[in-house]
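Multiple structures follow.
In the two complexes below, chain A is the common chain; its partner is chain B in one and chain C in the other.
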Partner chain A sequence: MTSTEAAVTIRIDDTDVALSAGSSILDGCRSVGVDTPTICYADNLTPVNACRVCVVELEGSRTLVPACSRPAEDGMVIRTDSERVRHSRRMVLEFLASSVDLGQADELTAWAEHYGADPGRYGADRAVVSEPVRVQDNLYIRDYDRCVLCYKCVEACGEDAQQSFAIAVSGRGFDARISTEFDVELPESACVYCGNCVAVCPTNALQFRTEFDLRAVGEWRPEDQTVTRTVCSYCGVGCNLELHVQDDHIVACTSPHDHDVTWGNLCIKGRFGWGYV
Partner chain B sequence: MVDLHLTADVASPGERAAVDAAIGPDGAVVVHESERSIVAGRTRRQSRRHWLLPALHALQAEAGWISPGGLNHVADRLQIPPAEVFGVASFYGLFRTDDPGHTGSVTHVCVDPACEIAGASDLADELERAGSAVQRGPCLGQCERAPARFVQGRGEPDHVPADDAVPFRLPRPGQPHRRLTARLGVVDPTSLDSYREHGGYGALTTAIAMGPDAVIEAVTAAGLWGRGGAAFPTGVKWRAVAAQPGPDKHVVANADESEPGTFKDRLLMEHDPFALLESLTIAGLATGAERGWIYIRGEYPLATSRLRQAIDQARAVGWLGADVGASGRSFDVELRRGAGAYICGEETALFNSIEGFRGEPRNKPPYPTTSGLFGRPTVVNNPETLVNVLPIISAGPAAYRSLGTDDSPGTKLFCLSGSLRRPGLYEVPFGTTLRALLLAAGTEIDRLRAVLLGGAAGTFVGPESLDLPLTLEDARAAGATLGSGAVMPFDDRVDLAAVVTRIAEFFRHESCGQCVPCRVGTTRQHEVLLQLRPGRPLADDRRQLLDDMARVMLDASICGLGHTAAGAVRSALDLGIIGEST
Partner chain C sequence: MFGAGGGTSSYQEIEQTDLIVLWGSNAREAHPIFFHHLLRGIENGARMYCVDPRRTASAKFADRWLGIDVGSDVALANGVGREIIAAGLADTDFIRRSTRGFDDYERAVEPYTLDRVSALTGVPVAAISELAHAYATAESAQLLWTLGITEHHNAVDNVLALCNLALLTGHVGRWGSGLVPLRGQNNVQGGGDMGALPDRLPGFQSVADADVRSRFEEVYGRPLDPHPGLHLTLMFEAMARGELRALYVIGENPAESEADIGHARDALAGLDVLVVQDIFLTRTAEMADVVFPASVGWAESEGTVTSSERRVQRVRPAVVPPGEAHHDIDILVDLAHAMGSELGPRRPEAVWDELRQLSPVHRGMSWARLEAEGGLQWPCPDLDHPGSPFLHGWLWEDGLAGREPAPFSVVEHAGPTDVLTTGYPLRLTTGRALDSFNTGVQSGALDSPIRYGDELEVNPDDARDLELDQGERVRVCSARGSVEMHVRHQPDLPRGLTFTTFHFPGLVDTNVLTTDAWDPKSGTAEFKAAAIRIEKLSAHPQGTAGG
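Right, the complex of A and B next:
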C-alpha cells in the first residue's frame, strides 16, 4: 500500500504501521510480520473473537483487546509480546489443552508449546469435554472431544457462507456444545453437506470420513499427499478445487481461500462428489 | 434466509395456542433492520425474532419443557432456524429441553450464601419429601426473606410463595433519609391515582417543561452515576445518546437483577412500579428515544405483573404513547422477561437476549451509546439509577446533593442479608459507614468475620474495614467495590470456605461459555476450591494457579462476568479467610 492510501497509523511494538481504514489490529500485526496466534479467526469469516488467544496490550485500555476484531484507530500503541500478553495467550492455550484433545491440532499445539502452556497442572479429576464421536453418514464425522468452541463451523454453516443454519451453539458455560436442534442426526437436520464447516475447523473435530477411516487404520499420511488444483466440473460457477491425493486416491477436497469465486467454500458436489474420478 | 428445514415433530394444540397468544401480531413492534455489522460476529437481520423469548416462555409454561414439536412451531412462526431456537432455549436456566417426566410446577430453591445460612438445603429436602419437583439454583433476589423459593408454574402462574405469606415490612424504622423508597409501603402500587396523589408524574411534567437539554444538564450536575456496579456517569451516557440523530433509539431499564444478595430493584418495582416507568419516560424524552424496554428477570413474577399493570394504566391516560403528557413526543415501553441467566444483566448480553439470540455479550467497542439494542444508540440504566432522576428533576441538583459526598451524591440502596437479625432494604446517604449499616441491620459485630460487598462479583472485606465510609471513592481507595449494593456479613458460625466455593460454583454455572478465559477459567477455579480442606493450607502451586487464572480472566475475558469472576475468591485469599492453616 502507498502512504496516500493509509488512513490510520498505529504503533506495534515500537514500529509505526500505516493501515487503510477498516483494518484490524491483526491486519497491522501481519503487515509487519508480527506472528499472532489465532483460533476463531479466519480470513473468510466474520471475526467472532471468542477464543481470545490473539489478545494484545493496548495502551490506555484496562484489559487486553482482541487483535482480530478490534479496528485499528489512529495513534493506537500496541504491545504484542508483553508479559501480560504472553500470560493470557499461554493460559488460553493451557485451558483448551486441559479441556479437549488437541492431538490433531498441530498449529495450536505448536503455539501452546511456544507460550509454555502446562495443562498437566490441573487435577486429574478436572472436567473435560467427553462426547461420543458422531459418525452419521459417509461424508464427515464430528468428534466434539476435540472442539474448542471457536464458532467457525456455525458461522460457515450460517451467515458467513452457506445460509443453512443447521448447527448452533447450545447449552451454556463449560457444557456449551455445537449442536443441531435436540442433537438430531445430521441427515435429519438442515445440513446440506457442503462441508464448509469441515474446511474451517481448526482442531479436526470435524473431519472428512475418508480421513477418519484412514486414521482408524493408521494410514492417514499427510506427508505422502499431493495437492492438485483444478476447476470443478459440475456447473458453470468455476469453483476451484484442491484435490488431496494419497496413494493415487483422492482423500480430501478443499478450496483455496484466496480464490474470488469460492473464498474457500464449496457445495456438496464439489466437496464430496469426486467418486467418478 | 433459506427455507427452514424442520423435523417431523408437531406441536400440540395447547402449545400452538400458547405460542400464538404470546407472539404479538405482525408488525406490533417497529424495529429497524441494522446494516450488516460486526457485532460478536453476527449480522442482525431483524424482523420478528425478538418474540423468541416470549414464545419460549409460553412453551415452557404450557408443556413444562421446550418440546421438539413446540420448537418447530416457534421456528416456523418466527422464521428462525430450529438449531438456533434450540441454542437459545438451552441457554436459559428456566427453560428445559428434555421432558421433565412430570406435569407439575417446579420449585426453585436458592442455595446461595444468605439462603444457605437460613436453611435452604433443609427446605429443599423437605419440599422434595413432600413430593415437589425441586431445582436448587442461584440467588432468586429474595435474600431479605431467606431461604427463598420461586415456583415456576405449570397449570398455575409463576409465583413466589413469600409474596403472599410475608407481610411487607418496609420501611424499617430508623431510616430518616428516604428518597427512593419514600413511597414504598405507602403508595398503592396497583393504582396510578394513588401514585399521582403521592407526587407521581410531577417530575415528568417538570421535565417536559424543562426540555431535554436541561434535564440532561440537571442529571449531570447532580453527579448521578449508575447503580448497577460499573458506576458510569448517567448524564454522560444520556448526553451521548441524545447527540445521536433521529428517534430510532432505545432506553432500557436493566431490571435483570441477579447479583447474589441483591433485591433492591425488585422491591422498587413491586411497590412503586410507576416510578420506574416515569423515570424511564424521562430518559426517553431527554435522549430523544421513542422506545423504552424493561428487561426484568424471570424470577420476579410480582414485579412483572405490577409493571404490566402500570404500563397499561399509564398508556390509557397518555403518560405513554404518541403524545406523552401532552408533550407532542412519542414514547412507549415494552416489557420482556428474562429466563434465568445472570449474564443477561450484562448490557450487551441483554440486547442479544431481547433480540432473540443467545445471551452472549458482545465485544466493546462499539459501545451501546452508538450501537446497542438492534444496533441502535441505546441508554441502559438500572432501575435504582433511573428512579434517582425523579428527585433530581423535582427538587433540583443542589437539593439532591444535600445528602452524600461530592463524588457520591445522594442516597444508596443497600441490600442487607446474611448473619444479621434485620435483613432488608436500607436507604442511607452515601458516606454512612459500614459499621453503622451493619449495626442498623442487627449484626453482632464482635462475632463478625467478613463482609461480602457487591455480591458474587464483589469483594470480601474484614472487620478492620468497618469504618469504611460507603462511597464510590472510599470503596475504590480500599480496593473494594459497592457493586450492586449487596452487603452480606458472615459471622463465626458460617463456613466461609463453603461460601467462597459456592461463589466460584455460581460463576461456573453462569458463564455463558463464549470466551475461553471465562468458560474454562470459572470451571477450573471452582475445581481448585473444591480441593480446599478445613485446617489445611492451600498449597503454593494451587495458589499460583488461582492467581494465574484470575489474571487471564481479568485481562482477556470478553465481559464483566469474566473480569469479576475471581475477585471475591482473591479477596478471600488475601484476607486469609480461606486457604490458611488456621
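Right, the complex of A and C next:
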C-alpha cells in the first residue's frame, strides 16, 4: 500500500483499526486479534455469504452484517460480542449441529460450545440428514451427513479455482444437497478429481479415502502427523505440496493456500498421485 | 531463447496480459495449475487463441481454435508473420533498435501467403489473419507452447518460428509479453540449469568458453573436456554404431519412453555396461548390469527443483527412504569414492553453495532465501537481488545494455517425415492425459476413476467410413510395427487425425509406432507425427500387419 492510497479506520469493540482500502471487516477483526468463527469463508475463495456465522453488529445497520464479505468503510463502529451477535451465532451453529454431524469439525464444535449451542433441545425426533457414505473410488469419499451446504466445494470446483463446474446445490430446503449435473456418478460428471473441493471442506464431509480408511480402524491420529512442504513431482509448474505423514506414510496432501503458484489448489496427480512413494 | 534456456515470463503475467496464444499445448490437462493462472487472465479480459490439431480441453476455453494439421507449425507462424508485415502492424521501432536479420526474414516469409498457408495448414484464411492481427495489435501478449511444438523432427525451427513473431511485434522483454515453453517435468528446467545439456556447464555457460571452464576447473580441481557431449538421441545412435559402450541412466526409462522403441531396446541390450539409478525397477533397470536404488527426490530428500517460470524451490524429505535406497548425492559421491575420486561435500546446502559460486544466475539464491521467500526466479545475481519475473528487459534498454541485437531466424516449412500414403493414410499424434504421466511409472499407483487407458481416438466420421465401432479392438500399423488397441470415437479430432496417450506401455506399446526421426538441432524425436493405418482384426487375421 502506498501512502497516498486511501486507508480506512474502523472501530472494533472500542479499538480503532486502520486498514488498507478493500479490506473486509473480518480482516479488521483478525488484525486486532478478535477471533471470529467462519464456515463458508476461505481466503482463496470469493465470499458467498451462505453460513452467516461471522455476523457482527454494525452501528446504524438494521441487520447484522457478515464480517467476511462486508468491506470496511471509514468510521464504521462494530460490535463483535454483543448479545445480539452471540445469539445469532449460537442459532446458526445450533441449527447446523441439530441436523448434521459436526463430530469431525473440531473448530465448529468448539465455537458451538463457546456460544452455548444446544442442538439437543430440538428433540430426538428432529430432522437429521441420514444418507449412506458415498465410497465410490480410492481418492475421496463424500459423507453428506456432515455437509453444512457452505458452498465452498461448489466455488472451488467452479469459478473460484477449477472452472470445472461439476457440482452445484440441487433441491430445496431440507432436501438441498451438493450434486453433480443430473445427479450422475462422479466419473460420468465433469469432475476431474482435482480434490480442490476436499481441500476447502470445513466439516470433513469430503475427505481423503486414506483418512476415511484410517478413521474406520481408529488409526487416524492428527497429533502424530508431520507436515512437510515440498514441490510436486509431476509436471513443471512447481506446485508446492504439504505432505501429511503418519507412521512414515503419506496420508494426505494439501497445498499452502498462501503460495502464489497454487493458492491451495492442485490437480489429480499432485493431490492424489503420491501412492508410489 | 536468445541465449538463456528458460521461459521469459512469470505465471502472474498471464493473469494480466491482453492476449494468450497457446500453441501446441493442452495445458488444461498437462499443466492444470498453470491453467488456473491462464483462466484468471481470461477472466480479467484476455482473449485466447489456441493452435492445436485437436480441439483439446484447453481449446474449449479459447476465443478461437485453429485446428492446424500436424507438423505445419512453421508454415502457420511464417504466414502469421507475413500477414503482420503486410498489414503494416510490425513494430518497426523495436525491430530497428533491438533485432537483426529482419530483411532476410521478410524475404523468407514472403511466399507464405494466406492462401498458401491455409493450404499447408488446413487453417482457414480468416483465422490466420485474425490471429496475426490480434497478436500484433495486442498491448501485451503471451505465446506459450509445449511438446506439440518440440516433439517434431524440426523442433528448433518450430520454436524459432514462434520467436520471430515475438521479435516482429515486440512481445518479449516486458511485463505481460513473453515466450513460455511449459516444462513437462518437475525439474527439466532445473536439469538444464545444472548443466545437464551437452554443450553447457551449470548456469547455461558454454563449455567451449575457456574462461568459464577455468573457473570450474579451479573448483573441481581437474581439467574439463571443452568438447560438447552427446544429446540423448545422438547417444542412441552412437550406441547403435557400437561407439558408446557404457550408459549410466539416472531417473529415466528410455526402454519405454524412446520413440521407435524396438530400435532403442536393441541399442540398450548391446551395451557393455548399463547402470541404472532409479526409485523403481523400471523396464530399463531390468536390463541393467547394476541398479542403484535411489530415494524419491521430492519426498525423501533435500534439494531444489526449478519450475517453468525459472523459479528455484526447495524440496524436503517427508518420509524415510525404504530398504537400501540411498539419496542421489550419496550414491554419486560413494561411487566416485570407490573409483578413487572425491566429489566433495554431500550436504545438499553445501552442494548448492558450490553451484552458487560457479553459476552467476543462481548466486543470490541462498538456502535461507529460498526457504523464506518461497522460491526465487533466476537470474538472481546477488543476495540483494529480488529475482527476475521476466527475461530480456535489455531488449528495451538504450544501447541494449551492451548486448547484441536479437536475431530473426529464417525457417522453412517441412512437414512430418512420416508422410501419409495410401498404405498409411491416417495421422497419429500422441499426448498426455490429465490423470497420468509419461510412461506411468509414477502415476500407475494412482487409482484414477477417470482413466480410460491408451485407446486410439478416431474421428467419428472416419470411424464410420472404416466401420470401426466404439470400443472395437483393432490393429494399428505404422511402417515400424503394429499394436492392438481399442477404438474410441472422438468428435474433437478432425478427420484424418488419430490420437493416443502413451501412459500404459505394459498394455499398449505406443512407441512401437512412433518414428525415430529427430531434430538434429535439439535431439528431440518426432513423437507427434506418425503415419498409420487401422486394420480390423476380423478382416485381417494375425500376421498380416506391418508394411
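We take it that the second predicted complex is superposed on the first by the 271 of 277 C-alpha atoms of A that agree within 3 Å, B and C clash if a C-alpha of one lies under 4 Å from a C-alpha of the other, contacts with A are read in each partner's own complex, and residues count from 1 in each chain.
Definition applied: a contact is a pair of C-beta atoms (placed from the backbone, for glycine too) under 8 Å apart; a residue touches a chain by one contact, two chains touch by 3 or more.
Since we're looking at a predicted model, the values are computed, not measured.
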item: Superposition on chain A - do chain B and chain C clash or fit; value: fit
item: First, second, both or neither for A:N240, with chain B first and chain C second; value: second
item: Contacts of A:P187 with chain B and chain C, given as first, second, both or neither; value: second
item: Chain B versus chain C as contact partner of A:Q163, first or second or both or neither; value: both
item: First, second, both or neither for A:T228, with chain B first and chain C second; value: second
item: Centroid geometry (CA): angle chain B/chain A/chain C, rounded to a multiple of 10 degrees; value: 110
item: Partner chain in contact with A:S99 - chain B first, chain C second, else both or neither; value: first
item: Contacts of A:N138 with chain B and chain C, given as first, second, both or neither; value: second
item: First (chain B), second (chain C), both or neither touched by A:A127; value: first
item: Touching partner for A:V277 - first (chain B), second (chain C), both, neither; value: second
item: Minimum distance between Cα atoms of chain B and chain C in the superposition (Å); value: 5
item: Overlap of the chain B and chain C footprints on chain A, listed as residue numbers; value: 159, 163
item: Chain A residues within the chain C interface of the complex; value: 136-139, 159, 161-163, 186-187, 191-194, 226, 228-241, 243, 245, 248-250, 259-263, 265-270, 272-277
item: Complex contact set, residues of chain A against chain B; value: 45-53, 55, 63-64, 66, 69-70, 84, 87-88, 91-92, 95-96, 98-99, 121-123, 125-127, 148-149, 151, 155, 158-159, 163-176, 179-182, 184, 188-190
item: List of chain B residues in touch with chain A within their complex; value: 1-2, 4-5, 7, 38, 40-43, 45, 68, 71, 81-87, 90-91, 97, 341, 358, 363, 508-517, 519-524, 527-528, 531, 541, 545, 548-549, 551-552, 554-558, 563
item: Residues of chain C touching chain A in the complex; value: 11-12, 30-34, 36, 39, 43, 61, 182-189, 279-280, 296-300, 305-309, 311, 313-320, 374-375, 434-437, 441-450
